[in-house]
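Chain IDs A, B, C and D follow the sequence of writing; residue 1 opens each chain.
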Amino acid sequence: MVKNILIAIGLPLLAFGIGISFMGFKRKIGARIQRRYGPPFHQPLLDIIKLLSKKSDISHGIIYDLGPMIALGASILTIFFIPIPGLKLLTGSADVIALLYIMVIGSLGMGLGAGESANPNSSIGIARALTLMFGYDLPFVIVIISVLLKYHTTNLYAITQAQAGGHWAMWVLPLSAIVGFIVIYGAMGEHPFDVVTAPHEVATGPMAEYGGKHLGLLFIDHAFHVYIELALFVDLFMGGASNIGWFYVKMFVLFLIIVFFDEVLPRFRIDDAVRFYWRWPTIIALTSLIIVLIGG
Amino acid sequence: MVNLTNPILLIAVPLFFVFLAAVIAPFSKRATKYLPPVAFLINLIITLYLIPQVAEKGVIVATTAGIKPPFAINIAVDGLGLSLAIIASLLGLIASLYNLKYITEEPQDKFNMLFLLLGTGITWMVITGDMFNLFVAFEVTSISAFGLVGFLRDKDSIEAGFKYLVMGSIGASLLLIGVVMLYAATGTLNMADIAEKIARFSFRQKLLPYSFIFTGLGIEGALFPLNAWLPDAHPAAPSSVSSILSGIMTTAAIYAIIRATVTVFNYSAITPFILLIALLTLVFGETSAFFQKDIKRMLAYSTIGQTGFFFFAFSLGSVQGMQGAFMQILNHSLSKAMLFLIAGAMITQVHSRNIDDFSGIGKKMKISSVFFAIGAFSLMGLPPFFGFWSKLTIIFATLAYTNFYTITLVVILLFMSVIEGAYFFRVMQSMFFGKLKEGTEIKEASPGLVVPFVILGIVILTLAIYPTPIIAVSKKIAVQLIHRAVYINAVLGGL
Amino acid sequence: MIFYVGAFILIAVGLYAIIIKKNLVKIIIGLDLISSGTNLLIVSIGYVKGGTAPIFSHPGILPQMMVDPVPQALTLTAIVIGASELALAAAFVAILYKHYGTLDIRKVRGLKW
Amino acid sequence: MNMSLMVLLLTPFTGGILSYLGGKIHRSVRYTFAILFSSLTLVELFFYYNKPVNHFVLGKMFGSVMILQINPISWLFAFIVTTISLLAIIFSVNDMEGRGGLDFYYFELMVVEGAMLGITLAGDLLTFFLFWEIMSWTSYLLIIQGGNKSIKAGYKYIIMSIIGANSMLIAIAMIYGKIHTLVFRNVAMLLAASPHGFDIAIFVLFAIGFFVEAAVMPLHTWVSDAYSEAPSSVSSVLSGVLEKIGAYGLFVLLYALFGVSLLGKLMPLRFPSPTIMYTIGWFAGISIVVSTFLAILQEDAKKLLAYSSISQIGYVVLGISIGTSLGVAGGLFHALNHAIFKSLLFFTIGAVIYRTGTRNLSELGGLIKKMPVTFTGTLFGIIALAGVPPLNGFVSKWMIYEALLQKKEVFLLILALIGSTGSFLYVYRLIHSTFLGQLPEKFKDVKEVPFLMQIPIWLLSLGTIVFGIWPGLAMNVIARGEKFFGITPIKYNLYGFPGGNGMGSLKMINISSVFIAGLIVAYIIFALGAKTHRISQYDNYAAGQVVTKDTKYNYSYGFYMFFGRVVNPVFKWSADKIYLAWARSANVFGDYMRRIYTGNLETYSSYIVVIISLVGFLILLGGKIW
């Protein structure tokens, strides 16, 4: 019981910590690639504290307030279904397929809040976000199905267990893993898939109207988001980890690759992004799926 | 006390009224219009009195001049004949009630006489037991029908009447030739007697007289391609007449064909040919109806289609097929007659027969439109109306043996029912939901026109609620029809 | 036999007239020909060569010698009917002429399809 | 007690007649009767909860007994029918106010309810077909209540529906021709003993009828017009119930008449499930994806919902066609859920139309401030529709996914999952364009709908939550129904599914409670911050522009235009266009055909000669007809 309570309090904090540290890394690494010094490593945390403690804050309505809360709440919900080393968490209550849809709740909250703000930039941003999601979902579900079929289970914890001892899904299903990476990459909204927030086009999209504590919540949510995407990939393809340290290292390596790509690529137009996802990643994912189907 | 159960009265009474009309006419032309309702009412009562007898004995035979069949003319009423007589009397009664208000054109006395004669002829056709008598009845019917079609004497009705007359006369002559051939071969004119004697002839020998009789009756019975006069003539006549023509006259001719085919000739081998004809009738009728802009013409084409439909059912030759045919005859007679009456009532308000002009009148002529819908639904075979059961029976009868051909047939039938649904729904849509034309003053037709078809509508609704007894009766009728020995023995039993 | 052939020729000529001739009056004549042919056919069925009227007017007339009375009765009826039909047809033609001013059937085509 | 099945069936019909007559007295009498009798039906139905009746003889027709029965599955569908109809009646009290012909409208509504109830209660094909026909033409009359355009839509519907019904009729007649009885059980025995060709023919003929009614592609073309043009409460009945009746028919066909083992024998090819069912699954799968794409691109709220109905019914059919216990349960459960959330959405959109008079999405916006209840209803509806936890749509969809995965029908699974993601797009567009964003000036004075119209919205929103968090409630009925049809039900409990046997586990209560906990955490963080103050919708970031009242500063037209660029090339041709082309050529052909009635007397007379000489020819041939 005590353990459960500890997990319930600790896991969000852990996830937040991991996420926020990656956000810090990103800014630092990005700056270094561009030969800048960059902000301090803990800058994102400072940003959040600053935003939350802002004195003046506007609101466009209840849903405007509620949107970020739903997004954050959903993110907190999600992390309980992604096993971390040594802990099953709530994976018994919802399997991978359910997880796919649990992850959507956050976007819904975000979308509702942004919609309420009555700013066309936000609306366009959300429309783009959803379209992009539709785009990468096709290869993603194919990838997920391949993994589920390969390991004959839909339980994420069981999948990580099955990969124990270095039999990572990455090595078993390399094609799926590549596509999975591309999907995770797009889901994180990095270049060239940053059509959603694209500051130069839609003024940071959904966040256009948000400021103050609302934005603070969204930043926190973003930290969780980074954690969720990375942890999911690690659990699915990199065999989870035996302890938190390894877990963090794996996530970090993954994140590093993502950041490197992010810094050097331009931006897709949204329909091109969808076309991209529905072309090569889908074909590769299907190939992998067929291999799984035939090979068992 | 007159013996009410003598079927000869069915002919005698209206004939008497015709002569009465001729007598009255010089004094009061308007008074003649009260004669047809009375005559048909008496007829209806007589037919209803006959029901228990027919139910008990199967066939009742009445003779003239006290001579037993096969000599002399005789009347033989069996279940099918009686049912049709009931329908004829009922429709006659209703249409003549409708006439009271509807017919304003002169000469009214002549109209009423012709109308009575038409009713007489139809009743006569369905109860006679004698081939030549059938011809006479046929001629009485046709000539009065010619006159009634041309009654309005405008361009259309005269043209239609003339076409009808030429076709009808040729048909009558052909029928006569066929009858005479039969007489030459068997030496008798009594149906039952012929039926007994014809057994010794081969299929090929029977074919010649049969073909003449079939063609002759087929012209009146609206069989393809002999029915070309019908879509002209039925709409051209006054609506009450159209309702009789469409409702029961073509049916009476079909009855005669059925009687000839089953009872007289025992001609099961011909059925493939009949089936083909029926199918073509159905297809051409329904397809043409779909394209009509004139409501009465559409109904007339629909009559052709329906005739094809029940004739098709008959030509299946099975008990269930006959049962379906009879049920459909009943359904079609009542519904189509009602539809024509309603169309007439609407035309008196709209002053046009074009369907487009009917748009939106459902809001103004509520009763008429609702009953139009009821009639159309029944005709289309939508439950819970009686047409549903008859359609079902016919389909079941067709598919009694499932093979490629029967399925093809059923597909054609049902496709035609889709087309029928398509045009009826189109009319109803424009009636109920179309836009009313600006500046038209339309109100419900006068009660004198509404009450008759409402009565008919109530009959249809009653059938919808209690279909079971009629279905049972129709089965009995079908069985009786197909066991022709019963009929023959009943007529010739006196010997 | 010759009567039968004659009767059918009459009927055929009548039909021909109806189908080919364009004049309304000629069509009526065609109708008349058909009914006459039919009547001839009926009578010829009952005809017995050298027969007498079917009446036992004096002894010695055998039933085999009598012509069949029924067809004669039929013919009478048919003639009456035919006559009334023709009268009606003539009336129609008269009114048609009033409407169209011509007796050409090709002009009388108001109703079709 | 047996008699009361008849009573149950007659209740709505009686109510219909009474409310029609009552309406002549006063409109309140009409409403009272309509609501009273439809609630009465629901109450009576609850007497049969957990109490199947197998054989209640209605009468005898053509030597076949007509029977009524009730089993858990028919109970489930009857429940859907009565509930949604009742709510639709309540909803239309205000919604239809002021239109003409209301007496008739209520009469029709209740007759449709009765007919659909009759279908679910039917124990033989004749009864089934009788009520089926009544349902199709009465629902046609309901559709065309929606004004001018609806007439065309209704016309399309009735034609397709007649075709579907006729196709069923052929199958029924074929069966009747063999055994002269139409009771389900006997029919099942016949089918088991018949040659395979016969069975397949029967199956296809029935399936056409059900596909039309359930709006499975490619027989869906009537849906988008009919749903959008009909009055809102009618749309919710159509989409919520009528489609389900099609699905129910399919269920009866698959499980009561044929049975999985027989279907397996029919076409023994190597697919995960029997070939026929697999084919149906593909029809459903294509329905799901294609209509999702179409829904995304709609500008009309009700059209959007109509296409979404096609897509959602695809899930139901897909679930039923999987053939495993889990899949069937998922399909049936989704039928219930879809009835709930789709009716809810039609009601809420109906409420919006009621207040604003438009259903064009690009004209609406910002109504959340004016119609909060409607918004809440819509929110629940779309969450359920998109299959997002913790509401009901998620559970049933999840069951279908699991069932597909269990059977390794991966390609169908991909279609199903993609359809669900796509649905997220259009539901967001629906709620965004109506309730969020800028409130147009012309809708400044819009008020929340009257209380009577809120009732259905509240109740159905509650339904989405109840069946979402406690799926066991519905599974009770479904499991008993599966047992009734000889399928071993899956393991379930009140909160979800313990899983096992290749199936994942699900516990809805955990998901929802953690979600609520997360929300609370977020709220605490939010509440710790400074107080917010409300600002006007025009006080907005516009890159330096000043937004005034007459600016249309709202992104709502062509919401997913860029997505349209991706998929539009595929949608250049549609089933509808193909049908119309067929109809047109048939039209031309028929037009030529009728020219045989030339109007020339000489032609007519020559037909006589033709017939006579034809017969003469026959005589020459020796009298042989064929």
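Observations
Criterion: a residue touches a chain if its C-beta (ideal position, glycine included) is under 8 Å from a C-beta of that chain, and two chains touch if they have at least 3 such contacts.
As the structure is a computational prediction, the values presented were derived from the model and not from experiment.
Centrality by C-alpha centroid: the chain sitting nearest the overall protein C-alpha mean is D. Each chain gets a centre from the mean of its Cα atoms; for chain C and chain D, those two points are 68 Å apart. Chain geometry summary: the mean Cα position of chain B and that of chain C are 27 Å apart.
Each chain gets one centre point, the mean of its Cα atoms, and the points for chain A and chain B are 79 Å apart. Centres computed as Cα averages put chain A at a distance of 36 Å from chain D.
Multi-chain contact residues of chain A (touching two or more other chains) are absent.
Residue positions 594, 597-599, 601, 605, 608 of chain D are each in touch with at least two other chains.
For chain B, the set of residues that touch two or more other chains comprises 162-163, 166, 170, 231-232, 288, 291. Pairwise chain contacts in this structure: A-D, B-C, B-D, C-D. In the complex of the two chains, the chain A residues touching chain D come out as 8, 12, 52-63, 65, 68-77, 80, 90, 92-98, 100-102, 104-105, 107-108, 111-112, 115-121, 123-124, 126-128, 130-131, 133-134, 137-138, 141-142, 145, 148-149, 152-155, 203, 208-209, 212-214, 216-217, 220, 269-271, 274-275, 278, 289, 293. Against chain D, the residues of chain B that register as touching in their complex are 162-163, 166-167, 170-171, 174, 202-204, 207-208, 211-212, 214-215, 218-219, 225-226, 228-229, 231-232, 269-270, 272-273, 283-284, 287-288, 290-291, 363, 377, 382-384, 388-389, 392-393, 395-396, 398-402, 407, 410-411, 414-415, 417-418, 421-422, 425-426, 429, 432-435, 468, 471. Within the complex formed with chain C, the residues of chain D that make contact are 594-595, 597-602, 605-606, 608-609. Partner chain B is touched in their complex by these residues of chain D: 59, 61-62, 100, 126, 130-131, 133-134, 137, 140, 144, 148, 151, 154-155, 158-159, 162-163, 166-167, 169-170, 173-174, 176-178, 198, 201, 590-591, 593-594, 596-599, 601, 603-605, 607-608, 610-612, 615-616, 618-619, 622-623, 625-626. Partner chain A is touched in their complex by these residues of chain D: 366, 368-369, 379, 383, 386-389, 394, 398, 401-402, 405, 408, 410, 413-414, 417-418, 420-422, 424-425, 428-429, 431-432, 436-439, 496, 499, 502-507, 510-511, 514-523, 525-526, 528-535, 537, 539-543, 553-556, 559-560, 562-563, 565-566.
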